[in-house]
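What follows is a set of structures to go through.
Across the two complexes that follow, subunit A remains constant while its partner is subunit B and subsequently subunit C.
Take a look at the complex of A and B:
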């Protein structure tokens, strides 16, 4: 009986909060695709702060990082987002790869251990997202099982997805490959590093929020 | 330093061998075989939630495997392209998949210490091995 009341109260309050324009936006993708760089760019644009540290060494983000209450304005509308930057998901982590970047064995092993935990944490957080931005490196082959697994799991959870083809400032950038790999999704090409084409990103982030809202309404009916 | 691969085992895993297992047992079985340095050729493909669980278990195994050399896996699935098929063929395939499972796909999983990368496009796979 008490559990039923608790469940009812939880549903009531979550319903009230859903009326607010507050969305949990997760950044997912393989390591070094630019998730933190994009999250930092958004934070800088709207709060003046940065969210996390970036590095050329893969798996720099090894814990979930948040930025609460990031208010974004687009064409006169305002929405508030909680930005959730996640560690890159991969199927292998070899400490010897980190040593190629100059880390000693002890630090490389420590980084590898933390990175494995980070991947598990990222996966566990999938259920908590209102919407997900899958950040892919536009200079690399998008046909990887990790990308397919991430998107497949988001689809199974009915979480709205936006694909970002990052690193459009680089010479071998190829958005067409990503569009061909995921033809059923909207792909926004941008350079998070230089803030190129962020306007189109915000437009699509708002569309995603709208999609999420209408999905929630349908579920309530 | 480059090392030579002394032998390479390709293990075929028929759909029926794993289809009735629980997701946990299925993943454990696959990872145990990979731990024996085998490259698995699986008939069919894993469900997205099974792939997610496989990645999670792989991460756990990297830290705990008795074999210090376990560094993870490489995997890729190929699903037949039905774009050019007619409506009837599409329907037949969907019904068959519902009844007997998605057997016409192919999944390759190998240990990351042997398989450097699996390059794929929609219709072909290329295994790059560590030498």
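Take a look at the complex of A and C:
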């Protein structure tokens, strides 16, 4: 009986705290859009550490990477996030593309296999997210199967979404194209590499947390 | 429905004993060939999967690694090529729409014959520390 009460209290309190704080924020998107660079920037801003390695060769992140308890402060309020950096999602992975970056055939094939596993893993983790930041390369065409499929699935699963148009430091950056492709979503332009416009990102991260919280409350009713 | 051995390329009809016991070359991996594809292969409209022995072995290894250690490889493994198509070693085509749909891990087609969805395998692997029924083992034991 005592054990049952203890279990109930533990569940109640853990439930309360999970609603209040510690939001699982996933970074999704196609390869080389800057997911890890953005996650690194946030980690650096608030913890001083980095989360993962970045590279010019696509599919550098091939396994899910985490950073627990990243406390972000915005306008005097504090929220804790668990940052989850995911491997880039693509429809075609070809080792020959990696060889163009100087990898030998053996390493390129290994990378292709791991990248394929990474895509599967990213998709499988989607349901665990409280909110998702879709990181897109603002210099590229946003109308792709990958982008549309990711965003469509997030909507279907009722996961709050924020679109980041990354690489605003580059000359051919065009946020308007992304805004036109996904008009029903909030799009934040930034440069994760140079930490440009991060303030707007944090403002929106808090808005996502608020959205998530109200969704959870509605579900509980 | 027909099947082609991943290692030696031999074709088998759906009810063949070899699919259950393994191919004469010893492999338990089979490509799943759709009825209409098989018809086209027979009519020589399309070429069957044409790979060298080394390439086939590489693909078999890739599949083993992608599926992970949870699958009983002594049982026939019919690959779900709807989700991931391996064209050649190191060349993968991924059907995102199919992967986003949460299919069950193993389809039981008939006695001793299963259709494994690679994607769901990872869901189980991810939750390895949670209490999970040994679904995979149960499904592959006949």
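Note that in this section the second predicted complex is superposed on the first by the 205 of 221 C-alpha atoms of A that agree within 3 Å, B and C clash if a C-alpha of one lies under 4 Å from a C-alpha of the other, contacts with A are read in each partner's own complex, and residues count from 1 in each chain.
Just so we're on the same page, a contact is a pair of C-beta atoms (placed from the backbone, for glycine too) under 8 Å apart; a residue touches a chain by one contact, two chains touch by 3 or more.
Quantities reported herein were computed from a predicted structural model and do not represent experimental measurements.
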Fit or clash for subunit B plus subunit C once both are placed on subunit A?
-> clash
Check the residue A:174 against both partner chains and state whether it touches subunit B (first), subunit C (second), both, or neither.
-> neither
Partner chain(s) touched by A:119 [first = subunit B, second = subunit C, both, neither] = both
Tell me which partner A:108 touches in the superposition: subunit B (first), subunit C (second), both or neither.
-> second
Please work out whether A:143 is in contact with subunit B alone, subunit C alone, both, or neither, and reply first, second, both or neither.
-> first
Figure out whether A:89 sits in contact with subunit B (first) or subunit C (second), or with both, or with neither.
-> both
Contacts of A:155 with subunit B and subunit C, given as first, second, both or neither | first
The clashing stretch of subunit C against subunit B, among 19-27, 37-45 or 91-99, is 91-99
Which subunit A residues lie in the overlap of the subunit B contact set and the subunit C contact set?
-> 89-94, 112-113, 116-117, 119-120, 123, 126, 145-146, 149, 153
Mind pulling up the subunit B residues that touch subunit A in the complex?
-> 48-49, 51-52, 55-56, 58-60, 62-63, 71-77, 112, 118-122
Touching subunit C in the complex: which residues of subunit A?
-> 89-96, 105, 108-109, 112-113, 115-117, 119-121, 123-126, 145-146, 149, 153
Can you list the residues on subunit C that touch subunit A in the complex?
-> 58, 62, 65-66, 84, 89-97, 99-100, 118-120, 122-123, 126
Residue set of subunit A touching subunit B in the complex reads 89-94, 112-113, 116-117, 119-120, 123, 126, 141, 143-146, 148-149, 152-153, 155-156
